[in-house]
Amino acid sequence: MKLITAIICPERLDQVRQALIKADITRITVTRCSGRGQAESLEIYRGLEVGPELVPKIRVDIACNDEFVQVTIDAILDAARRGEGEVGDGKIFVTELQQCIRIRTGESGGTAI
Amino acid sequence: MNTLALLVAVGSSDVVTPDSPPIDTGTTAWMLVSTALVLLMIPGLAMFYGGLVRTKNVLGTMMHSFAAMAIIGVLWVVAGYALAFGPTVGGVIGWDPSKLLLAGIDQTIMEGGIPEYVFAMFQGKFAIITPALIAGAFAERVRFLGYCVFIALWSLLIYNPLAHIVWGGGFLTGDAIDFAGGTVIHVSAGVAGLVAALYLGARRGFPRVAMHPNNLVMTMMGAGLLWVGWFGFNAGSSVESGLKTAQALTATQAAAAAGALGWMILEGWRHGKATSLGLVSGILAGLVAVTPAAGDVLPVGAMALGLLASAACYGAIAIKNRLGYDDTLDVFGIHGVGGIIGALGLTFFLRDVPEGGIWVQFGHQVMGVLVAGAASAVGTLVLLVLVEKTVGLRLEERGELAGMDHSMHGEHGYGLLNPN
Amino acid sequence: MNTLALLVAVGSSDVVTPDSPPIDTGTTAWMLVSTALVLLMIPGLAMFYGGLVRTKNVLGTMMHSFAAMAIIGVLWVVAGYALAFGPTVGGVIGWDPSKLLLAGIDQTIMEGGIPEYVFAMFQGKFAIITPALIAGAFAERVRFLGYCVFIALWSLLIYNPLAHIVWGGGFLTGDAIDFAGGTVIHVSAGVAGLVAALYLGARRGFPRVAMHPNNLVMTMMGAGLLWVGWFGFNAGSSVESGLKTAQALTATQAAAAAGALGWMILEGWRHGKATSLGLVSGILAGLVAVTPAAGDVLPVGAMALGLLASAACYGAIAIKNRLGYDDTLDVFGIHGVGGIIGALGLTFFLRDVPEGGIWVQFGHQVMGVLVAGAASAVGTLVLLVLVEKTVGLRLEERGELAGMDHSMHGEHGYGLLNPN
Amino acid sequence: MNTLALLVAVGSSDVVTPDSPPIDTGTTAWMLVSTALVLLMIPGLAMFYGGLVRTKNVLGTMMHSFAAMAIIGVLWVVAGYALAFGPTVGGVIGWDPSKLLLAGIDQTIMEGGIPEYVFAMFQGKFAIITPALIAGAFAERVRFLGYCVFIALWSLLIYNPLAHIVWGGGFLTGDAIDFAGGTVIHVSAGVAGLVAALYLGARRGFPRVAMHPNNLVMTMMGAGLLWVGWFGFNAGSSVESGLKTAQALTATQAAAAAGALGWMILEGWRHGKATSLGLVSGILAGLVAVTPAAGDVLPVGAMALGLLASAACYGAIAIKNRLGYDDTLDVFGIHGVGGIIGALGLTFFLRDVPEGGIWVQFGHQVMGVLVAGAASAVGTLVLLVLVEKTVGLRLEERGELAGMDHSMHGEHGYGLLNPN
Amino acid sequence: MKLITAIICPERLDQVRQALIKADITRITVTRCSGRGQAESLEIYRGLEVGPELVPKIRVDIACNDEFVQVTIDAILDAARRGEGEVGDGKIFVTELQQCIRIRTGESGGTAI
Amino acid sequence: MKLITAIICPERLDQVRQALIKADITRITVTRCSGRGQAESLEIYRGLEVGPELVPKIRVDIACNDEFVQVTIDAILDAARRGEGEVGDGKIFVTELQQCIRIRTGESGGTAI
């Protein structure tokens, strides 16, 4: 099992969710966060253009079985990219998931995902 | 019920003369207050609307109200008042060059003992709030520049004539009862909102994507301010500080409470839960419905109108949900429907039987609604096409997805969400 | 000090007659404004209370205030005014069928030159705010339906008689000084809150689980609106626009500032830090204490009452914390204690020595507090049991843990917390 | 234009006499309302400022406004009014022991028919708001105790003399036109802010670290309340309820709208985007500029002043950004610059040509600005040094990084950010 | 060392904290998030019952030494379950923690947990 | 590749960011969270001193290549510590990152960090 963590642009969240659902991945966890990659996004404060160091981002966490990893990544890659790809489109991180337990039933492992 | 028209006819046509009526400090005080109260409704509306959209559009939505304060605030002084309350030209528009920039009324005291300035400012707030109301129908999907141009034109070309026709000496003045703007303001804004929602189309993703209010807490605060401000709106429309004022205030209070209670009960019955958005929607429905009626119905009639409006608006929104068009904040569902219910329904609750009998009056009322609705519908459509084809009104996909706050204003509303 | 009673006795017992007093537009203007200002206190209270509970209960708590606007708003028009200000029946309740639905006062002008409607609406706001105050004592743990039934009954069966007894011609009218409702409103609400907190028991997890205010920022805004609205509350209770009004307004301002300053200093001394919640609690304590006294004390007396109330409320809350019962938002600690301090304390700061001397007056004051407190305590307990056993008042565990916003209203207050 | 001074001279020097003027209930009503409206500006300011700082300082910043309500609220009653509006001592300060604690005016009715209490309370709100304005210049970096001491002294030693000099019978009374406090309030606060910002130095990390407003939504709400409250501020300064009042209100409305529109257009032109902060800054700039002028200019002049102020403030802030000092919330950039623009600019838009001709009047205006500016600059500097060396004003690094909410008040504003 | 991440229902947070404390686990990190599993939670918007796609959830992160993993999981399972278990009760994810450093002292490894 | 997760005191975020930038680490993701370690931070509620169980914290996530791990940790350790180190200064967790993909370009691995 893998834990896929994507940091994406807030405006693409709806698209990413839809792409995932189309790929049959419905379970996700979403968190507001802020980030700084290469992206610069100017804001205006009383006539001064300020580069907000940290811009709002969305973190999407998806636990999935190994065979779904590539599908999930592809779906995200596709849906999170703006146009031909822009600075700030985001990142995907993949880590190994050792265990996964469904609280309701207590079952664990691949079926609990 | 024709107070406004009479006062204007008498008081403002000529400049100050030695025999101008003495100031009534009490009436003046109340009218000053009413002006402040109606002004308070505009941030109130900004809060009400702002809380209902998604987080990424909160500032942009509030800006729709605030921009109306800036733009119509200036336009009204420059020319709006002259157009709405100048001597009539063919019954459809006023014109009084001496009132441009309000220059000619600098010293005028109106019949009733208030400086005409106060009346002009009071009316100016109505001119501001009407386009701001419309904005709810196309929230979350318009360009700011296009919006600004649209409301400026709408105010000049649709609101001013309507105000003139119904209040300022135009062809409906004196027939239809419209105490504080049920047709001029709410029906016209509601219909304009409907037309705009249909013409501009739904928000991208609607209704597939869930779109939750970002701040119902603020919506409730806004509703509170709207209720308070509405006392100025309705009771101020008596243009006096006396019995009629008291009657209007009482009717307003009774209708708002009844509307709120009605919606609460309806939701409790239908969903087993009364929501806060429902309660405040009921407040609004009640207030809208009592607007044309406030000075002319007994408290019991006001409560009946409030209840009726609540039910009707609830139903209208249910139908909208089935029809599937995207009147984002239900401008037609609340202001259009509530305004119509109020304007027509008041006939049956009048304190004094109208001269020609109830049904003649009902005819006048229907006429008023039709004129306001039709003028607003046609005019709005023309303006929408015009603005869309020139400066552009509908926001392009990228900007809409990013949200108006970022794409139109380069800001975001809640910095507190970002660690800083 | 018996202005209200006198006015009512004279002005409202018969319908309009040719010799009804002329309108005083200035007084009418001020009373209209006062009505609007007291209405403003209700969203103000919703914000004050709403900010102090946990995030999951913010809407539910604000709904307690807003539902009072809807429910009591209707009830007062229907029957409340007739019960409180009709001719007395045995000194404990009024009754005037012609005032049902306010029908009989449609044209009445009261002694003093204001339409009786205005007086009725002004009083109606007091009727609304009193039960809304109580809600703070059992915040975060009641069912909405039960709450609605409770406040409806409380208003009809406890508030109306109390208002009648002290102001409307009942057996205490004219003895105890209660300028703007220290006993009728604050003592009665405070005691009711105490009884309700004890009867319903503490919130689940209290005091083990930390329960932090979700939005002190909003609490401060609410406090600001309350202060502003209180000018209408107190200065409006003079039912004139003159010297007494000015005196009441000055006392109100002085007491609020002194209360705030007092609490700030106390906290600075005890904790080394003055908190924002402390400052606004001090404002409230000062305002509550000056309510019964506003028109009858000099500014220096008002400041003394404000300081005293601040210290007493601070102490009362400290004691509560030790006793361990859960008066969630300190309704008794602020309104009960502050109201008592004000009602009794004012005796020693009166502008004019009372007729029977200070101690006789003090006796009247004690009497007033006891009657209000006892009536409220007993009545509240009966109603609590009744409501709890029938529709149910205390929220069941599941709903309480999930929060009232979700379990009672199917909403949540801050959509902005969720990405959308 | 010297209404205040005249009224005071006549009305308040002696206690109530049988021949004291009769109450004018209308004027009294309006002045009561104006008092409430100016009070409303203080929470409005708290919201405006509070929204602009970082999340960790939101309560601390709001506390600056609220503490002014508490501290100056008490001081004004105790001695401030006596110092500002007592008979002059050498033209620079008033002194009237009988007005201490407002004791001597308990029954006084002023020329114009309002109780002197109302006038004293109305003026008291001005005394409260002025130091609260200054706080914006050193937001996010002062100790609360030091701040409290600073504003107490500033009010006693700088505000009271200034108010006396310009309004209360001091050496400038009657020369410079300052209808509602352009110099006494805005220029003096703006200059004090500038001096304080320079003396205390920038916030740690400024300008390297991004410092974003935590809640522009609240800033907009605050701006809305400020606009509404400003009607009381300006129109109330006529101390009547008549033509002058109406003129002042109209000018206020026109200038605010023009200021907002101006800033919007400027930003649209320079950045391609109109921001919400820009729009509300424009509102403020317009309101500040029209403050000294409100009763004496035509609407067109008011709009010109609003536009001018908008452009000047926009420019001033741009220059500040280049100079690099840290006037956190642009107190000088808005209130200082806007106040100067208004005070000097009004000369060219006066309704009536002043006695000595335009340039003589311009000289008076320059004089007024210089006196206010110089007195405020010198006095503020002395007080800053004094407070900094004794109780300490600048917050130490640890407290500043942690934020004032935590380090000064032991609270945090938005509990909703923490799961609870 | 393991990192245990539980996504739970907001209303069970207090219970979970208490259960953990009883099991001697006091150090935790809690984050607001939103999620979508099988759960449906109806909300009402002007008379329309809408299924909010993402419902508020709480993420609890606990770093612990291997011998405490089971205890921690059991405590969470027990306290986070509503009644007999309901859709939306949540998930527990376990990942391998390579290093853990206490910032105050700089110490690392099992004792720094 | 490693994923470094630091839970720090909000007041040190600016310092940490600057230290990282100085160490040439510019890409980060920041999330508001709440936590409980040993720290006690008293708050005052109407005269009562209450120990807020969960105090606001900041979570900083940094994905980096193995050779940068130590630099990153050192920078954080240094900048996040208050004075000589205080309770509540925070923790650093390190987990193995299996994959990292840049959404804009789709490239993955060490260069995508």
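Read from first to last, the chains carry the letters A, B, C, D, E and F; within each, the first residue is number 1.
Note that in this section a contact is a pair of C-beta atoms (placed from the backbone, for glycine too) under 8 Å apart; a residue touches a chain by one contact, two chains touch by 3 or more.
Just so we're clear, the structure is a prediction, and the values are computed from it rather than from any experiment.
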Touching both chain C and chain F (chains): A, B, D, E
Type of chain C:chain D copy interface by residue overlap (half), same or different: different
Distance from the mean Cα position of chain F to that of chain B, given in whole angstrom: 50
Centre-of-Cα separation between chain E and chain A, whole angstrom: 19
Distance between the centres, which are taken as Cα means, of chain E and chain B, whole angstrom: 49
Per-residue multi-chain contacts in chain E, two or more chains: 10, 30-32, 34, 43-44, 52-54, 95-96
Multi-partner residues of chain D (each touching 2 or more other chains): 24-27, 29-30, 33, 58, 209-210, 212-213, 215, 221, 241, 271, 273, 275, 277, 409-414, 417-420
Category of the chain touch graph - line, ring, star, complete, other: complete
Contacting residues of chain A [partner chain B, same complex]: 10-12, 14, 18, 32, 34, 41-44, 52, 54-56, 82
Chain E contact footprint on chain D (complex, rising order): 417, 419
Touch list for chain D against partner chain F, complex: 56, 205, 208-209, 398, 401-403, 406, 409-412, 417-420
Contact footprint of chain A on chain F as seen in their complex: 3, 17, 26-32, 63, 95-106, 112
Residue ranges of chain B touching chain D (in the complex, touch as defined): 23-30, 32-33, 35-36, 39-40, 42-44, 46-47, 50, 58-59, 62-63, 66-67, 69-74, 77, 101-103, 106-107, 109, 114-118, 120-121, 124, 144-145, 148, 215, 218, 221, 241, 408-418, 420
